[in-house]
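In structure tokens below, several structures.
The same subunit A turns up in both complexes below, where it pairs with subunit B and then with subunit C.
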Partner chain A sequence: MAFLDQLGILSVTPGAVVMWVISLTLIYLAISKQYEPLLLLPIGFGILIANLPLTGLMTPGEGLIWRFYHYGVEWEVIPPLIFLGLGAHTDFGPLLSQPRLIFLGAAAQGGVYVTFFAAHAFGFTLQESASIGIIGGADGPTAIFLAAQLAPHLLGACAVAAYSYMALVPIIQPPIMRLLTTKEERAIRMKKARKVGAREKLVFPIAATMVIVLLVPASAPLIAMFMLGNLFRESKVVDRLTDTAQNALMNIVTMFLGISVGATMSAATFLRTDVLFIFALGLVAFAVSTASGVLLAKLMNLFTADKINPLIGAAGVSAVPMAARVAHKMGAEANKKNYLLMFAMGPNLSGVIGTVIAAGIFLTMLQ
Partner chain B sequence: MDTATSVFINGISGVFTGIAVLYLMMKMLARVVGRPAPDAPPAVSKTD
Partner chain C sequence: MAEEVLAPLAGTVLSVAVTVGATVEEDDELLVLEAMKMETVIYAPSEGEVTAVLVKAGDQVEEDDPLATID
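Showing the complex of A and B:
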């Protein structure tokens, strides 16, 4: 009978059931453990509905979620809109007050490139390797932006790996930071930074957009929107736009991003051995990025009298502001008078910029 | 040169070049617009 043929339950596959379990695990982690709930909750639900049979939700040209994915992610709309909101939330004061800290954000991209190389050695294509390596930047929208263009079949795995590891920053980073620093280094108190004026903050997003886009034009979609959001904030004349970018718009696009990315993870595309490799390599990327930020801070201390607490180098992975909070907490454990949060925000923000530049270079060379 | 090596070297050097230029730009910004505006009222001492 035609009706019985269309019963979804008769088309359930073992792979789909495994994906349901993965979906429910992510939903559980988002709700119970509050691991990146804004993204993991819609991603988890997206995985669930994409693996319910015969829904047609991801049928190209027809499915509802496919349309969200196609027009939002494949057309490169949603990640830049997320960056607009992030820019509207960002205060570049901590970075502008200590420009030298920007190099820590560059060093933390070391994990991106080391993992790129490692992934290629394991047999991934250059495009796939770039999409895996960028996980080390710990920047979800950038990872999605790059994977959607270079390796769309790996998008779901790369996005879930990026957001999972971002949620696990307080667990992954501290052992690496402890291993690479002495207690004396962790206890270093940094000199108070100068106060940054409103004019400097206002000019920065305009000047930074010009500099970065002139150097790496492919980074324009992300960096331009990031700096536009920041210009809204610093201009102080468009409070309504700032508020919308920070809240309503950000929330709307986050919903569509999460469910679209989750829905790309069908059993056929996700239950493969190379996805396990992606998770393992993503962890390597994260660890190497953390280590390279800390090591550059130690190296800089060899040449400067005004010492940097090397813990803040670990904040060079983006993961704003959790990585900065981890550096702050560890600094306070070593020296109760240490207050590293504002210093750590400098590398944290430069990490965002560094990851976008890295993604732009990958796009320029590999697209 | 192997393509992966080329991407690796170009990538690392590109990121550091971009960040270095941004660093110089920030230093310049601090000099040019980081100072108080010439027409800004002078700071008033708390004892006045």
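Showing the complex of A and C:
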């Protein structure tokens, strides 16, 4: 009889079965539709195994996946390592070439703050609201970094919402961008901006780290690792390290991140009405961020002769490089000779930094 | 008056649609670049005859690299 008690299959709850369906749906979306497969595939699988009874995988202090989660996510090690890899991948040239585009990345954080207040109005605590709002930054590691500290019980839902909407950027953004711009504005060809020297690209990560961390020390874990990776890349003297940061390291931590985050989504933590609100608010965050980026670009055009194509404002929603691609495609639809991709990378990258700063500010005020 | 067609962004040449000697109208497709996993078509900036094609499929180009000349 004791043997029967150990049989997982007899301890399955209806909630667990629902989670199995969700898990298999995410796995399907990842593989068949290629929705952010690098994260959604391990997340989907993590959900599955966390909802198979009696495994002990998430038992605090003992479980295998608990250990990944505790040492990687709770200890805030993995998100900064992902940023190390992202920095090593990033070319800040497009942003340095037209520094005014920094403002578009900043404006596109509008959805983060609007959603923060909206979530709070719906009854979420300040810490929970910040974790939900940060979804609008379209930055997976930052959202995980923030939620793990402020609202770990919402981590799974926020992460899945963030990555799902990042995959859906080509569907979410265009209607909003079309609504807020005229065809003439979308057809604007932007003037080629100045060339950026290698020395500038070398000084940038060092200077940016100092400025940002002196102002918002709580953002240091993410910003410092991001800029270190960028410094590796731009120094051109540590190619082995750059290559490892870009490839092996990123891939390793992505695996552990995905499975850990997925495994936090047990039926008990996920099947609550809260989660429906999180998904709805996350969508609002994305939408408002898209709009605020586009609107600031239009505003800036009132004050400059060198017009900005407002579509690139939407790329401030820092799904890199998806949002930049979306801006480029819409620009090309309006004007065949429009090549917005590199211009759109400016707000795209400054949006990443903007989201990290927003997270740093939330941490400073709410921890 | 010869006009150089420059690469508007860095990427890889996927395909070239014209050969030397071809006549093109403005906005005809000249070649396709791939950048950030996205295909971008490069169109003729003016009408004329293609006097030089400087790249082939598989070439990596930087922003502002000359791709072709049109006379």
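By definition in this document, the second predicted complex is superposed on the first by the 367 of 367 C-alpha atoms of A that agree within 3 Å, B and C clash if a C-alpha of one lies under 4 Å from a C-alpha of the other, contacts with A are read in each partner's own complex, and residues count from 1 in each chain.
Here is the rule we go by: a contact is a pair of C-beta atoms (placed from the backbone, for glycine too) under 8 Å apart; a residue touches a chain by one contact, two chains touch by 3 or more.
Just so you know, these numbers come straight off a predicted model, no measurement behind them.
Contacts of A:337 after superposition on the shared chain: subunit C is touched, whereas subunit B is not. In the superposed model, A:362 lies in contact with subunit B only, and not with subunit C.
With both structures placed on the common chain, the touch criterion links A:208 to subunit B but leaves subunit C unconnected.
Looking at the shared chain after the overlay, A:96 reaches subunit B, while subunit C stays out of its contact range. Once the two complexes are overlaid on the shared chain, A:196 sits against subunit B while remaining clear of subunit C.
Counting the residues of subunit A touched by each of subunit B and subunit C gives the higher count for B.
When the two structures are aligned on the shared chain, A:217 is found in touch with neither subunit B nor subunit C. Considering their complex, residues 8-10, 27, 35-38, 40-41, 43, 45, 63-64 of subunit C touch subunit A. Considering their complex, residues 95-96, 99-100, 102-103, 105-106, 109-110, 112-113, 116-117, 120, 126, 129-130, 196-197, 199-200, 203-204, 207-208, 211-212, 215-216, 350, 353-354, 357-358, 361-362, 365-366 of subunit A touch subunit B. Put simply, subunit B touches subunit A in their complex at residues 3-4, 6-8, 10-12, 14-23, 25-27, 29-30, 33-34, 36-37. Subunit A contributes residues 192, 321, 324-325, 328-329, 332, 336-337, 339, 341-342 to its touches with subunit C in the complex.
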